[in-house]
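I'd like to ask some things about the structure below.
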Amino acid sequence: MTRSRTDRTLRTWVLSVVMWAIAVLFALPLLWMISASLKRNIDVFTLPVTWIPDPVRWVNYAEVWAGDPPLLRYFGNSLIVATVAVAGELFTSSLAGYAFARMRFKGRDRLFLLYIATSIVPTQLLLVPRFMFFQAVGLYDTLWALILPSMFTVFGTFLMRQHFSAVPGELAEAARIDGAGEWSIYWRIYLPMAKPVLAALAILGFVWSWNSYETPLIMLSSDENYTLPVGLTRFVDGDGGLAGGLSMAAATSSVVPMIIVFLVFQRQFLSALSRTGLK
Amino acid sequence: MTRTISRRRLLAGAAGLGSAALLAACGKDESGDAGTVTLNVWGGVPAENGPDALFAAFTAKHPNIKVKYTRFVNDDQGNLKLDTALQGGIDIDVVVSYARSALAKRVEAGLLTDLTDRLAGDSVLKVFAPGANPASNYFFDGKAYSAPASRSVETVLANKSLLDKAGVTVPTDWTTADFRAIAKQLSGNGVYGSLIPPDLARQQLGPDFTYKPGGRESNFDHPAFRENFQLRLDMMAEKSAVPMTEIVAQKWDAFAQTPFLTGKVAMWISQPFVMRYIKDTKEYPHDFKTVLLPMPAPQKGAQFWNTGAYGDNVAITKKSKHQDAAFTLLQFWLGEGAAHMVPGGRLPSLPGGDTAKLAVDLGGPDAAKLFDEQSLVTNLLTSDARIPVDAIQTAHAEISTIMNGLNQRVLLGNISIDQWARTAKEQCDAAIKKAA
Amino acid sequence: MQTLVGSARSPVPPVVREKKRRPAGVRSWLPWLFIGPNLVGLIAFTLGPMLAGLGIAFTRWNVLSGLGGIEWVGLDNFAELFADPKFWKALGRTVFFAGLGVPLSIAFGLLLALALNRPLVGRAALRVVFFVPSMVNTVAIGMVWLLVLNPSAGLLNQALRFLGLSEPPTWLVSEDWALPALVLIQVWAGMGYQAVIYLAALQELPQDLHEAAMIDGAGAWRRFRAITWPSLMPTTVFLAITSFIGTSQGFGLIAFLTGGGPGESTTVLAYYMYQSGFQAYKFGYAAAIGVVTFAAVLLLTLLLWRFQKGRGLYT
């Protein structure tokens, strides 16, 4: 018994070492990004690779945050878009997902199939019609053109439906006997139980919105409306070609919020995903 | 209970409507005082590199016309953004197109105002109207939709320290063979003698060099193209020109100032707009002088074309409500205002500037430290180089796409020059046929 | 990576585990009130544009000339498409790209999840390290890899030269290696996401089965084959379908890194569509490519779904 336990500890240690070694290799590109973000442009390409920048240019960060192009502005726009879009998505998806899972009505399954089919459409096919639409209603070059389409998603509805389908129905039955209406059953009983899933959906939705590139490229024209991914290209394609240090500082800055979100919510995220029936 | 629920239900439904109302409230604002006009101008040059000064001077002269300048990044995506903005109803009065293909797209989509009559009727700008000789503007079905604000002669920019160190003196009437020999002499120790050798096909064939006369057929079976690629491949092989892999990987085809100003490339064929990098000693510190050499001749003593271009095609959008004001700006931009763009490296398209003043503006305050000033005047400002202006527009965009891919392939060594010539001819002929 | 994170939004029902459902036939309009907000938005912003896109496929239209410039051409675009060698080559590259990238990232994702599900020193931190790439946006990923894959000074080739490979591939600059290089980036960026989904599924695996098998003396491999792999099958199918959809749509990375080149070697369908639509402004043609892509992916999805059903994986 003791032997097998030491065996197991040993195995844990060996596996840990192996995994950490792989992790370091895996993270090399990102470490390089961070290292390059602290270098002068001339120093980014050097042979052999220098990992510790010399001199360390913290001023790169000051420059990308304070200067032109206005990273702070892009950051704010991304935050607005992601927050509003996710809030809207949570609202509409949980309602629709609930109805698909727990209500019976004519044409329900066919409608759901239609939902699924729309998710296969290449986004580029949608871009031009959406562009014409937003232009017609005067929302082109506003953040709404990014927010609106991501408020009503198939994925959110699907995720919520999976969750609500897996919840036992007895609770609703009891509530119904007590005379509660459908809305209050949804609002008081089911929605509170769905909190972890809502959190998972919020994270995935946030990441997706934060990284969305093609849509803002088409829908926005003014610099002051750019979101981060489009704004980042301004550090690349400017007149100086690849502005190595500065663009890496901007890129690193854009990634940090995502890392924080994942670090904070990792446990809830995993447990929530495992409850949605995606397994 | 039932009542509460139905009210909440109502709320849920109303939320949808509410957001729609909110949207309606977020419309765009129209501004503009009576009497003054604000022109929205989109261009690719950073505001501080000329446009700011140009427009300030313009408004000083025309106090009732204000200018709001928006800078777009002049790459595929930046142009896409500009085009969608144009179509998307953003107020844009004046746009600058840089590549001919970008201009052609805007013309074909009917976004630009026909300027033929205005140009022909202007005592100065009539040189850009159809029929003017020599041609110095692009025309589409015999009409002009823009006028060029800059004339960019290509020269060979050379690192004077490296030339001196190798003890090289460049003859003024040098040839391609001399260029190659000197490049080879300058190469080694981590230095490439040149970035890219001169384009022999363009130099020898001039305007519309990709078409056979008449424009019904492509011209890629002409021996000048073969000669051009052979020279480049040979020079890359002997490392007197930068290998294609390096150029693609570092995106040096578009932005070569870094290798030149860090001393990795000794000779760089380019246009005067790159002067602004040379003068930007904060971002590009370097301790050598740049000397401007004339383009080498393909054959000794033979006439040849410069590989530069008339560019910065200023156009007025069809949707602009201020056509007259916009044309006033165009006149100023190409005329007396052109001087303000010189420090940014954009030389006037109209002849007759004061060479001494141009030299001072172009060279900047540190000219003596950065340039061989005499070469600036002799080889650039008073250059009598012939600039070819293409007149045939048939399938131009398609041909560019095809050739970008093929040129890359032959230079990377994926196909032979023979294969290149055959495929180019075949595909471009097909594209021309389809377009005609 | 955008495509992979984005792919999560294009789901197909893998498992529908319906517990006892109440016949909540209450009032017939009530469900519509619940679905309403989502449905209205979906019709306005997805379904409507989708039908419009389908319509555009039958026209010749330069979007810059506005709605007045639409010209009905019937099936011309499709006829041209099927006769276009560039289209077929792009299709082939898409198949290669997805056919190599999707299984690899799923396989690595599964391995990673299995490892990260065991007791490890600093497990939480490890999970973050592996998941981070799937949260980084395309442009940032592109910038980093552009530097990593630089033929002469890049990190990867320096490492390869150190290992004694004197002429390492030139990656994004090479016609033969550019597409594999993109697969490499895709796998790197996507396997963290796959691993997280697998990890979530692993949390719910019945432990008692495992223990019973262990007592029976089943080895690790047999336990994996007999228990873990079958119970993960719905997840695998889900990931396969969503990744295929995501990969077939992704072009951001290609637009940024190679622009479809060198030559045409990385012009996959999604990029060809982008090129036709947003560079050449041939929107009818681009829409036709989109419609064909849609049909192909739909077919593939149905096949995978069938496969799952046929294997009796419904629980």
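All chains are identified by letter, namely A, B and C, in their written order; residue positions are counted from 1 within each chain.
Assume a contact is a pair of C-beta atoms (placed from the backbone, for glycine too) under 8 Å apart; a residue touches a chain by one contact, two chains touch by 3 or more.
No experiment lies behind these values; they were computed from the predicted model shown.
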Could you tell me which chain lies farthest from chain A when each chain's centre is the average position of its Cα atoms? B
Top contact pair of chains, counted by C-beta pairs? A-C
Per the C-alpha centroid definition, the whole-Å distance linking chain B and chain C comes out as 38
For chain A and chain C, what's the span in angstrom between their mean Cα positions? 15
Using the average of all C-alpha atoms in each chain as its centre, how far is it in Å between chain A and chain B? 38
What are the residues of chain C that contact at least two other chains? 34, 36-37, 40-41, 63, 150, 152, 278
Which residues does chain A have that touch at least 2 chains other than itself? 45, 91, 95, 131, 148, 182, 218, 233, 242
Hunt down the residues of chain B that sit against at least two other chains at once, touch-wise. 9, 12, 15, 77, 80, 87, 250
Within their complex, state which residues of chain A touch chain B. 41-42, 45, 88, 91, 95, 131, 135, 137-142, 144, 148, 179-184, 187, 217-218, 220-223, 233-234, 237-242
In the complex, go through chain A and note every residue touching chain C. 12-13, 15-16, 19-20, 23, 26-30, 32-33, 36, 44-49, 91-93, 95-96, 98-100, 102-106, 108, 111, 114-133, 148-149, 151-155, 157-159, 162, 165-169, 172-173, 176, 182, 186, 204, 207-208, 210-214, 218, 228-229, 232-233, 236, 242, 244, 247-248, 251-252, 254-255, 258-259, 261-263, 266, 269-274, 277-279
Once bound in the complex, which stretches of chain C touch chain A? 2, 5-6, 8-26, 28, 30-32, 34-42, 44-50, 52-53, 56, 63, 67, 115-116, 118-122, 124, 126-140, 143-148, 150, 152-153, 155, 158, 188, 196-197, 199-201, 203-204, 231-232, 234-235, 238, 245, 248-249, 251-252, 256, 270, 273-274, 277-278, 283, 286-287, 290-291, 293-294, 297-298, 301
State the interface residues of chain B toward chain A in the complex, per the touch definition above. 1-2, 4-5, 8-9, 12, 15, 19, 23, 26-28, 46, 70, 73, 75, 77-78, 80-82, 84-85, 87-90, 250-252, 254-255, 257-258, 262, 276-277, 283
Looking at the complex, which residues from chain B come into contact with chain C? 9, 12-13, 15-16, 76-77, 80, 83, 86-87, 105-106, 108-111, 244-246, 248-250, 397-398, 401, 404-406, 408-409, 412, 414
